[in-house]
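Both complexes shown next keep subunit A, but they swap its partner, so subunit B is in the first and subunit C is in the second.
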Partner chain A sequence: MNNLFYIILKKDLKDNLLSNKAWFTISFFLLCLIIFPLAFGSSQYLELNVSISAIWISTLFANLIALDHMYKEDYNDGTLLYYIVNKVPLVIVVYAKCLSHWLFSGLPIILIAPLCSYIFSGYNENNLNLFISLILATPIFTLIGSPIAALMLGSSLRGAALTFITLPFYLPIIIFGVMGTNINNSNINAEFYLLLAILSIGIIFFPMITVKILKNIIN
Partner chain B sequence: MFRKLHKYANPNKFNSIIMPIKNVCLYTALPLIVIGLIIGLFFSPPDYQQGETVRIMYIHVSSAWISLFAYVLIFFLSVSYLIWKFPLFVLMAKEIPFVAIIFTLITLITGSLWGKPTWGTYWVWDARLTSFLILLFIYLGLIFIDKAFKYNVNGDLSFSYLSIIGAINIPIIKFSVDWWNTLHQPASVIRASGPSINIEMLIPLMIMSTGVLLLFFYLIFTNIQSAIAEKKILFLSSKD
Partner chain C sequence: MKKKLSLTVTKLTCKRNSISIFNPLSFKVSEGQMLIIKGKNGRGKTTLIHCLAGLLSYQGLVKWKGVEGKIGYIGHKFGLKEHETVYDFIKFWKAVYGSKVSIDEVVEFFSLFNVLFSPIAFLSFGQKKKLTFVRLYFFNNNVWLLDEPFSGMDDNNRELIFNMIESHISNKGMVVLSTHEKGRILNIKNTKELVIE
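What follows is the complex of A and B.
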C-alpha cells in the first residue's frame, strides 16, 4: 500500500516537473503579487494589512490556477480508467494527487510568503503568524478543491467555471486565515485552532467524497 | 408505502398530479400574501426599539426562510437521486436554484435596506451576512455547473455532489448568530425555548411565510413542468 502510494506520487511529481506546470503556479503567484504595489501607484512601502491581503489573494488564485489540471490530464489520457480497471484503490490516487498539488502550489508559497511580506511592507512582526496560518490554510485549499476539480471532469466549460464554483468554498478559510495573521500579541490563537479543526476533518472527508465522485464519473 | 409512490416517478404521471396542486398553491398563496401584508403593514404593533422599520421583517424573514428551505430541498433531492437514481429527482433539484436565487436576492436587498436605519450602514462583514452572501454564490455555482455539461451525462452527478458539498453552509448560516458575536440579531422564532417574538407580530409573519412558501412551490412546479416538456422536445428532436 505504501509502496503503491510512493509510485503514484513519484509519477505525479515527474509529470508536474516535466510539463512545466509546476513552475507556472509559483510564477503566477509572484506575478499576481507584483500587481499590488503597481496598482497602488507609489514607490513607497505598502501598508502591512495590504501586503498581507495581497499575499492571501495571490495564494488563492495560484491554488485555483493549479486546480484545473489536477485530474484533467489523467482523465483525458485514460490513466484514471487504468487505475480503476487494475483495482488500484482510488483513495491512494486521490491522496497522492492532493499531496503533489500541495507540494507545487502550497509549499513554495509558504516558504516565499514571509519574505514577500517583508519586502513589500518593511515589517516583520506578523511573519510568524502568516507562516503558521498559510501552513494550515493551503492544505485546506487543496483538499476543498479536489472534489470540485473531480466534478468538472468532462464539462465543456473549463477554468473559469471551476474558479467561480470553487471560490465561495474558499471564503471561510480566507476569513479565518487573515484573522489569524492579524493577531497582535495575544496568546489566544483561536483562529489557528479553528483552521486546524477544519483541516483534520477535511483530510478525511474531502478525499472520501472525491473517491465517490471519480468512481461515479468514470464508470 | 414507498412502493405506491413509485409510479409517480414517471414524469407523465408526475405532470398530471402537479397540475391541480400547482393551481391550488397559486390561488391560496396570493390571498395569504395580501392578507399577511395588510396585517403586517397596518395592524401589527411597531417594535419598541426599531419602530416602524420592523415591518420590513415580514418580507425579509419569510424570504430568508424560503431561501434556506430551498437549499435543504435541493440537498435531499440530490441525496435521493444518488441513492435511488430516479432522474426525476435531479430534474426537480435542478430547477430550484433559479427560483431560490430570487428569494436570496430579496433577502439581501431588504436586509440591507433594513440595516441602514437600524445599524447605520447598508452592509457589514458580519458572520450571518457573509454566509448568506456565500449562499447566493453557491446558488450561482449550481446554475453554472448545470449549464457546463451540455454534451455529457455527468451533469446530473456533478450537480448532486456539488449541492451536497455546499450543504455545509446551511448550518453555518443558521447558527452563525449564536457562534459569533454578530450585529445581526439572534433567532427569535425558531429556537429551542419557543418563540420570543410578540404574538401580534408572529401571526402576520406566519401568514406571510406560508404564502411565500406556497408561491415558491407554484414557481418550482411551473419550472419543473417546462423542464419536462423541454426534455421531451430534446428527445424527439434527437430521434431523427
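What follows is the complex of A and C.
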C-alpha cells in the first residue's frame, strides 16, 4: 500500500511537471500579488496589514486555480476507471493527489510569502507567524478543495462553479490565518491551534468524502 | 481447492435516470470460453461490460467464481496521458501491478521499439489502442472484459489481439467482449454470442 502511494505520487508529480501546471500556480500567485502595490499607485511600502491580506488573497486564488486540474485529467482520459477496475484503492489516489497539489500550490507559496511580505511592507516581524499560518492553512485549502474538485468533474461550469462553492468554505481558514499572522508578541496562539485542529480532522475526513464522490461520479 | 472459473449472470439490468438500458439478461460463461456481445449502437453493450467490471451499479445477480487477481479491462477511454512517454506508461503500470514481466519483453511483443520514448500524443489512434493491451500483458489474471477491442486497429494489430485472445482462452481464461467484428473472431473455439436487442 505504501509502495502504491509513492508510485502514484511520483507519477502525479511528474505529470504536473511535464504538463507545466506546476509553475502556473506560483506564477499566478506572484502576478496576483504584484497587482496590489500597482493598484495602490504608490512607490512607498504597503501597510503591513495590506501586504498580509494581499498574500492571503493571492494564496487563495492560486489554490483555486490549481484545484480545477486535480482530478480532471484522470477523469477525462479514463485513468480513474482503470484504477477502480484494477482495485487500486481510491483513497491512496486521493491522498497522493492532495499531497502533489500541496507540493506545487502550497509549499512554494509558503517559502516565498515571507520574502514577499518583507518586500511589500518593509517589516519582517510577522514573518514567522505568516510562515506558520500558511503551513497550516495551505494543506487545509487543498483538503477542502479536493471533494469540491471531485464534485465538479461532470459539470460544464467547472471553473466558475468551483470558485463559488469553495470560497465560503475557505473563509474561516483565511480569517484564522490572517488573525494568526497579525498577532504580535502574544503567548496565546489560539488561531494556530484552531487551524491545527481543522487540519487534523480534515486530513482524515475530506479524502474519505472525496473517494465517495469519485465513486458516485464514475457510477 | 481451486474453484473453476465461471461467470453466472441472472436477470441483469442497469438503469440510468430510471430507464432500463437493456432487458434483463441471463447467461453463463465458463473457463476457456469467450462471450461475444453483439447489438446495434446504443443497445447497452458498453453498459453491460461496465456492470460486469463493477463500474456501474446494476440490478440482478452477477456471480464470479475462481477469479484470480484483478479483472482485465479495455474500454473506450485508454487511460493514457498525452505528455508521458510510452516507456513511462509501461513502467508505471508494471509498478502498479507489481508485475515481474520485463519491459523489454513487452516492447518486443507489442513492437514498440520505434515509439518507446515518444510522447503518447504523437501516437495514432490505433497505436494508442494497442498500448492499452499492455496492461493485460502485465496481468496474471484469467478474466478479460474488452469493449470494442478491434475498432481503429490495422490488420497487423488485429492479428496481435486475436492471437492474445486465442492464447488467453486456450490457457483456460475467460473473455467477454463487445464487437461489431465479423469473420475471424467468430472462428475462435468455445465462443458464445449474446445479442442485446
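Everything that follows uses one rule, which is that the second predicted complex is superposed on the first by the 219 of 219 C-alpha atoms of A that agree within 3 Å, B and C clash if a C-alpha of one lies under 4 Å from a C-alpha of the other, contacts with A are read in each partner's own complex, and residues count from 1 in each chain.
Here, a residue touches a chain if its C-beta (ideal position, glycine included) is under 8 Å from a C-beta of that chain, and two chains touch if they have at least 3 such contacts.
Nothing here was measured: the structure is a model prediction, and the numbers come from that model.
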Overlay on subunit A: subunit C relative to subunit B, clash or fit: fit
Which partner chains sit in contact with A:23 here, subunit B, subunit C, both or neither? Use first/second/both/neither. neither
Taking the superposition as given, does A:15 touch the first partner, subunit B, the second, subunit C, both, or neither? second
Check whether A:193 is in contact with subunit B, with subunit C, with both or with neither, and answer first, second, both or neither. neither
According to the stated criteria, A:85 is in contact with first (subunit B), second (subunit C), both, or neither; which is it? second
Contacts for A:148 in the overlay, against subunit B (first) and subunit C (second): which applies, first, second, both or neither? first
Kindly classify A:40 by the partners it touches after superposition: subunit B alone (first), subunit C alone (second), both, or neither? neither
With the C-alpha centre of subunit A at the apex, what angle separates the C-alpha centres of subunit B and subunit C, reported to the nearest 10°? 90
Partner chain(s) touched by A:169 [first = subunit B, second = subunit C, both, neither]: first
Shortest span in Å between Cα atoms of subunit B and of subunit C, once chain A is used as the common reference: 7
Subunit B partner, complex, touching residues on subunit A are 147-148, 151-157, 161, 164-165, 167-169, 171-172, 175, 209, 212-213, 216-217
Which residues, counting only subunit C, touch subunit A once they are in their complex? 53-57, 70-71, 73, 75-81, 83-84, 88, 92, 95-97, 135
Which residues of subunit B touch subunit A once you look at their complex with the stated criterion? 130, 134, 137-138, 140-141, 144-145, 147-152, 154-155, 157-158, 161-162, 164-166, 172
Give every residue of subunit A touching subunit C within the complex, in rising order. 4, 7-8, 11, 14-15, 18-19, 73, 77-79, 81-82, 84-88, 218-219
